[in-house]
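As written, the chain order gives the labels A, B, C and D, with residue 1 at the start of each chain.
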Amino acid sequence: MPITTTRRRLLAGSAAALALPAFARAQGAVKPRLTAISQWSAGSDGAAITALGKKFEEKGGVWQHSPVPGFTTDMMNKLRAQIIAGDPPACSQLKGPEIAAWSKIAPTVDLDAVVAAAGYEKVVAPDLAKLHKPAGKWIALPLQIYSTNMLFLSKRGMDKAKADKVPVTWADFNDLAEKMKSAGMAYPIANGGTRADDGQKFEASLAGISPTAYRAACMNLDKKALEGPEMKAAFAQTRKISDWCDPNVGVQPYATNLKRFVDGDMGMLIMGGWAQGVLKNAGFKFDDYVITPGPSDNGKPVFLLNADAFIFWQRKEADLQAGQMLMAQLVMDPAIQTMYSQITGSIPVRTDVDLTGAGWSDGQRTTAAALKNAMGNNQAVLSLAHNMAQENGLTAAIIDVITEYVKNKTIKPDEAVSRLAEAVEGAR
Amino acid sequence: MAALSIRALSKRYANLEVLKGIDLDIESGEFTVLVGPSGCGKSTLLNIVAGLDRASDGTIEIGGRIVNDVPPKDRDIAMVFQSYALYPSMTVRQNITFGMECRGVAKAEQEKALANVARLLQIEPLLGRKPSQLSGGQRQRVAMGRALVRDPLLFLFDEPLSNLDAKLRVEMRMEIKRLHQRIGATIVYVTHDQIEAMTMATRIAVMHRGVVQQFADPDTVYRYPANLFVARFMGSPPMNTMPARLEADSNGPVVVIGSGRPDEVRLRLQGYDAAASYVGRDVVLGIRPECIAEGDRVFSGAVGPPVMVTAPVELVEPTGAETIVLLRLGGEPAQARISPDIRPTPGTTASFALDIRRICLFDPETERLIA
Amino acid sequence: MTDVASTATRPGRSATSEMVRRLPEFLVIWVPLLLSAAHLISFSIWTIWISFTPSTLIPVTGWVGLRNYNSVLASRNWQIAFDNLLLFGIAFVLLSLTTGLLLAILLDQRIRGENVLRTIFLYPLAVSFVVTGTVWSWLLNPGIGIEKLAHDLGWTSFHFDWLVNRDMAIWTIVIAAIWQSSGFAMALFLAGLRSVDSDIIKAAQIDGAGPVRTYWRVILPTLWPITVTVIVVQLQFAISAFDLVRALTNGGPGIATQLPALVVYDLMFQRSQLGRGAAAAVLMLLILLAVLLPYAAWRYVRQRRAAHA
Amino acid sequence: MRDRSFTPSRALIYLIVTLFAAAYLAPLVVVVLNSLRTNEEIAQSSMIGWPQNWAFGNYAMAWSGFCVAETCAGIRPYMLNSALITIPATIFSTLLGAVAGYAVSLWRFRGDNWIYGIVTLGLFLPQQMRLLPWTIVLRDIGLINTLSGLVLIHTIQGLSFTVLFCRNYYVAIPHELIRAARIDGAGFFRIFWRIILPLSAPILIVTVIWQFTHIWNEFLYGVTFTTGQQQPVTAALIALSTPVADIPKQGVQSAAVIIAALPTLLIYLFGGRYFVRGLTAGAVK
């Protein structure tokens, strides 16, 4: 059966390739149409993609979005089914190294021309850009950026603990947490207990301790780095964080704790910028909390990069091709990125967007500044917990170890380090 | 012309042979009863005749036509089942007309046939009811009605009375027999009840282990059972059978029960010429209970004084209409059927009259009737 | 019973037209049955084949021998899943069996409102596993569920945190699964109890047996065939439990409540390791066979015995 | 043992039964109560509580208000999709299963035991394992992203259950009934239609209930093999229940759960009595 898949794919691919020169003409001749698959169905994600669709329609396009509610896996099942059926969507949500992996199973659109026309390459972080042009050509476009290790501080929580200094290093962080605890907060940290959340606790710890070690261990899977002393320290820090979390949260997401966080029953939250969108939707105000880059022991911000992106699949229909070009232009458009990020709480991919306007929050400005700063210091790294650093199989194997460690306090950091190395070996 | 001819019919399931070369010829208008203990193959035979089961070998002719490959509906037969097999979801009327509906008989004709049958069986008031609202006897009638309405060449009955209580069974037995006399249909009737066989049949086929043991009219089957199996199966109580020895003196053959014992019984036989070759050998003696009676009984048509024996009485069973006595003849147990008002005392001896004209002798090896 | 098919296939002039006439019934019988059987066989063979290939995102050809099996068997996820399956399978089957039986016996006491009660015990069957998992995750979560309620009502020493306790979390799945499916066992047992010959109950009473002894010695032994059916149905539920676990604990806390079906799905679709996922699926099939073959043998022996009797 | 007089032991029986009933009802009660509480109220206290302000708006929101991406039509359109998948698939799998079960039980034919055994094994084949093969099959017959494709899947997979239960039910029907009908001249279909089907109500109720609830509640195939506006109601429920970027909306979610479960709950409410009866007839053989 795979053999026929391949043949069909090749046929479809060559047909699309032949059609390429007709692009410009086609765009003018037909009404652009876009079929898209994403898992963004609810909350600010749903609202943002809906707004994007509206813009697409304003430009005269036909917007055909299929949200796949549920887990990312369900979205990928859908995508896989469409690809196997020889009917991939014109464009679909996909991120990180998965872009490279998936681009091997079906032909993608070469976006180099349109990216060059928009001058996009110059305004995108190089590490990020690399993920979207796995074979040297742009086939996918990042849309928005989050840092997964932003530190949210509850204003009321800070008041309760009589603290006014924003923690910079892990030592500061640990002191503040203890202070909050002695001020009567049973659980000073408002993180949840999902797999990704546990992964974030660890990656924030390691990257904060040493971005170099993080890069070597989590991004390059360097065997020595994986067994290095920073790993052990990171696990120890992770244990501290999880000890300050409410054990009753189980596998619930952090959002369950947001009200306690705002009320000052919990003081801190290590989370991506998307929590701003959630807080906003829940009716909380921006001045209920402060956002700052996550703890970094060298004092300079570390940015754990998480970017959502669209990958473009080759289609031979002229209207879909026109739609893809329109979509690509929209995704790279600063105005669109502004609109999108203002809904979701992310920051734009483009580093040249001005965030001083009224639509932006302090948190977003802080995040954008942190990104710039981190890029300058080579401290912008790719998030492991959110599938930016490794392919899903490896990520899942690593997160298995981390989440088990977080939930099982009898596992010693030493043991966790060796288990992690084993898991990486086993999954490779 | 034979209504039904069965030739060399056999049926095997995997490694089990249930019918072994059956040959039967049934004349038009006959009421044939296939009787035998359960597992003898009689129901299988009936199903093969009906076309509900296939023969492994042999042929079946109905009305002169070989029907081996003819589906049941085209064999011109009707069948009444043990459980009646009334369609539970249909009314009596629909049950009876279903076959005509399947054959596409016109509505008016269906009504006419239904009316006839309903009148014949007196089930007019039941036509609108469902089978579950009928009593056992009523269901039985409806099942017969369903068969009758087809007016077939051959009726097949598969133990149709065995689900009825004793009283109803006797009534229905008579009714079926009356029906047969009235419409003169050809009937093949399967039962394990030898009384039904005796009372209804014009000919009985006694079956055992997939073989027809005897095929004859009821009197012949009763008086001259072809072998020990038939002798013991037919009749209630069955024929007394006991080991004996055939001897001869100058006056002819003498059969001795309990030879050599002080109470041995010696019976002189008359007209048993066929038994001559068995003189000096062991035989099995068969005598019907009604041929052993109280001492002063005179058997009808008997000439001369009756043969008398004195025998110990072990058990007495009065049934009202007669008294069954368990006694010992030359040490062998035997049942006697005596007048109801005579009650010998168990543990004593009494004298009995024997009707030695109706004694049967069987070969102990082949179990076949000698004379 | 009659061998109809062979009647029709006997050679001869009329046999052909007979075949044509009976074509519709052959189509209606065979097409669905063959489609169903063919999809099961071909899907199984396909999965077995994939388990020997290096497939990742999509199926590809190639041969890697037992590599996928070795890696699945060596993974902690599978080991934990297998241990959990043993515990969950045994605990769930036994408890749902006893719960179902207890409910059936109680309902069998000619109590008032039996219809209402029976519906109450049956309705969880109507609810999807996803909903069951979500709702029980609310109730069992100590922060927002029963424990919170008890604390709010002033019973502050009340402690029920199984859902977030990695040693006990598997039992929350047992609880939710029993809630969902013990009605099925109850229904079967109840009907079984009702079909017990009332004469033998009278006989037991005349023999002087009390209610407990009557149930234990006389009635329950007649339910044995039903019990086996319930066990098999519940076991297959336990082995293929997926939606419920995914919604209730999603395999957590940590990976404490992994189950084979979860591992299969995770490998195949989440981790894009189709070959390993297929290997795990084949291992799951083997576990199923280990349960089903003895059952099939038992049925076979029983039928043979019944045929001879 | 089965008397109706009121004794201490009977009081105990009532007590135990009541406790069990309460435990079984508790989740439903909690969901119903939550469907009448506002999201904020739930977030502030716990999942279990009496509504302070009756939030009937949750139902309007769930039925036709909340958004799945661009589509803000509540679960209403998805209910229709589920019905369009569930009803035909239930009818087809039940009817075909009844015919096949009737054929297997009452008209023995060569290989029947084998094929019956294989088909019933399908009950045990894990769902996840069949996802990719079905993708390939649907692609090859051109039914991917159509409701017909899902109807086909559920019909074929459903046969495992319907054939098993119908067959077990039909083996108890006296063979003489079939023989009588054959002598009457009825063929395969006429016997099925006129004699077997009218007797099948108990088992058909079981298979209809079973198939309906299973197909209605199915999620994995539903989201994988449909697109956008065709998705079944389970997809809309999931959209509400796993918010990646939203606070939990347990009030609306509870209302949606109630609405989505209503068809299956009603089926059990009205068919439950027959379900028990037919289940026994079909299962214990």
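The rule is short, and it goes like this: a contact is a pair of C-beta atoms (placed from the backbone, for glycine too) under 8 Å apart; a residue touches a chain by one contact, two chains touch by 3 or more.
As the structure is a prediction and not an experimental result, all values here were calculated from the model.
Asker: How many links in the shortest chain of touching chains run from chain A to chain B?
Answerer: 2
Asker: With respect to inter-chain C-beta contacts, which pair, C-D or A-D, contains the greater number?
Answerer: Pair with the higher count of C-beta contacts: C-D.
Asker: From the centre of chain A, which other chain's Cα mean sits the farthest off?
Answerer: Farthest by centroid: B.
Asker: Counting in whole Å, what is the centre-to-centre distance of chain C and chain D, each centre being its mean C-alpha position?
Answerer: Roughly 15 Å, centre to centre.
Asker: Between chain A and chain D, tell me the centre distance in angstrom, where each centre is the average of that chain's C-alpha atoms.
Answerer: 38
Asker: Measuring centre to centre with CA averages, how many angstrom lie between chain B and chain C?
Answerer: Each chain's C-alpha centroid was found; their separation is 55 Å.
Asker: Return the distance between the CA-based centres of chain A and chain C, expressed in whole Å.
Answerer: 39
Asker: Tell me, which residues of chain C touch at least two other chains?
Answerer: 2-3, 6, 46, 59, 141, 143-144, 265, 269
Asker: For chain B, what residues touch not just one other chain but two or more?
Answerer: 47, 52, 71
Asker: Where in chain A do residues touch two or more of the other chains?
Answerer: Correct list: 1, 71, 77, 80, 84, 256.
Asker: Flag every residue of chain A that touches chain D in the complex, lowest number first.
Answerer: Residues 1, 38-47, 49-50, 53, 63-71, 74, 77-78, 80-82, 84-87, 253, 255-256, 258-259, 274, 277-278, 281-283, 344.
Asker: For the complex, give me every residue of chain D touching chain C.
Answerer: Touching chain C: residues 1-2, 4, 10, 13-14, 16-17, 20-21, 23-28, 30-31, 45-49, 96-97, 99-100, 103-104, 106-110, 115-119, 121-133, 137, 156-157, 159-160, 163, 175, 179, 187-189, 213, 216-217, 219, 234, 237-238, 241, 250, 253, 257, 260-261, 264-265, 267-269, 272-273, 275-277, 279-280, 283-284 of chain D.
Asker: For the complex, which residues does chain B have touching chain D?
Answerer: Spelled out, the residues of chain B in touch with chain D are 47, 50-52, 71-74, 77-79, 81-83, 85, 87-90, 98-99, 102-103, 146, 158.
Asker: So in the complex, the part of chain A that touches chain C is made up of which residues?
Answerer: Residue list for chain A touching chain C: 1-3, 5, 71-73, 76-77, 80, 83-84, 98, 101-102, 104-105, 193-195, 246-252, 256, 391-393, 396-397, 400, 403-408, 419, 423, 426-427.
Asker: Which residues, counting only chain D, touch chain B once they are in their complex?
Answerer: 174, 176-177, 179-186, 190, 194-195, 198-199
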